[in-house]
């Protein structure tokens, strides 16, 4: 991928940080399978499977640890 | 999602922090599968499967690490 | 859940901390499936499956990281 | 369990720390399934399955993170 | 492997850090299965399976935690 | 095991640290299944399965977090 999609881990709010964690999780998938058509085909599969959704949430949680630490947990 | 659901990681007690970790875990699922009807349909599936419940608890544990660190572990 | 079950992450010994990690892991399951009867029915299933027991130990390990950090690793 | 099995996370060497991480991992299993006979019966199952062995190593790695941090990584 | 492929964890940007995390994740596979022909054969398998892609993203997230910490989260 | 195989987590380079993480991951398996013949028999199984290879890479990533922190990320 040659596009620039990640210039900082700093966000204004925890919620934006959580959404960045989602972006990171999706990019991890996309780097592994860059074919958007394949990804679209797989979507109904994992989005309707409880174990897959829990696994997706686990990846987001792992990335959110990173983003939250980067932002010093948005402590005031 | 355009609603605001996460404005701070700071909680008064560890238990509130644990409950926030649960919220984060559920939101991770909901961002991946926003259709509430699908989620309701999947609920009996994973809530009655031992491996799925353990996996859900793992995601909560991961998010609780983040929330606990944010709160400096609620040390007095 | 409205009962108070977690007021502090501080414990006197590492072993008490490990046992607190177990409590956190079980609570993670219980928040996801609050029906005690269902949980009792699932118990023989996962308690007799090697992969499920390893997964349970993984969740405990994750929560123990949190509890151990909270207690500054019980260093003297 | 009423016996005392964990009084400190401090070890003399990284190898002893790794072995403590193994003890923690096994205890996580044993607290979940205290019946030693069941555990013995399950042993040939997971000890001969590649995915189970990798999962066991993952739990050890997670506990080793805790023990290593407790010992300040045995830096001289 | 005798080639030198990792001389530093420091990168100029978070995106380069994320891409390094991908390299680390792939190297972890390659050290375990060094036969490139086998790896090529397996690629269509995991790259078309939703659970495998999520698992791959989880490994990347874990390595990204390391790279991000090494770079002090690219804070300015 | 009575042999000494781990005397320090400090390495000269990140690559040596990554290779130490692999050693730790393999030792975690070996402590669980010490029979080398069984391990050799299992090798073709996991080394040809995409999910198992990803899981192996995940364990390495977890151990690399520990080794990298021990070495203060090899920052100059």
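In this document, chain identifiers A, B, C, D, E and F correspond to the written order of the chains, with residue numbering beginning at 1 in each.
Just so we're on the same page, a contact is a pair of C-beta atoms (placed from the backbone, for glycine too) under 8 Å apart; a residue touches a chain by one contact, two chains touch by 3 or more.
Because the structure is a prediction, the values reported are computed rather than measured.
Asker: On the document's contact criterion, could you list the chains that touch subunit B and likewise touch subunit E?
Answerer: Chains in contact with subunit B as well as subunit E: A.
Asker: Please state whether the interface between subunit E and subunit F is built from the same residues or different ones, using more than half shared residue numbers as the mark of same.
Answerer: Result for this pair: different.
Asker: Hey, what angle do you get rotating subunit B onto subunit C on C-alpha, to the nearest 5 degrees?
Answerer: Rotation angle between the two copies comes out at 60 degrees.
Asker: Distance from the CA centroid of subunit D to that of subunit F, rounded to the nearest Å?
Answerer: Here subunit D and subunit F have centroids separated by 15 Å.
Asker: Quick check: how many Å separate the C-alpha centres of subunit C and subunit F?
Answerer: It comes to 27 Å between the two C-alpha centres.
Asker: CA centre of subunit B versus CA centre of subunit F: separation in Å?
Answerer: 31
Asker: Please list all residues of subunit F that touch 2 or more other chains.
Answerer: Subunit F, residues with two or more chain partners: 46, 49, 51, 55-56, 58, 62, 65, 69.
Asker: Which word fits the touch map of the chains here: line, ring, star, complete or other?
Answerer: Shape of the chain contacts: a ring, since each chain touches exactly two and the loop closes.
Asker: Can you give me the ring order of the chains, beginning with subunit A and going next to subunit E?
Answerer: A, E, F, D, C, B
Asker: Going by the contact rule set out above, which residues of subunit A touch subunit B in the complex?
Answerer: Listed in rising order, the residues of subunit A that touch subunit B are 13-15, 18-19, 22, 46-51, 53-58, 60-62, 64-65, 68-69, 73-75.
Asker: Which residues of subunit D touch subunit C in the complex?
Answerer: Counting only subunit D, the residues touching subunit C are 4-10, 24-29, 31-33, 38, 42-43, 45-46, 49, 51-52, 55-56, 58-59, 62-63, 65-66, 69-70.
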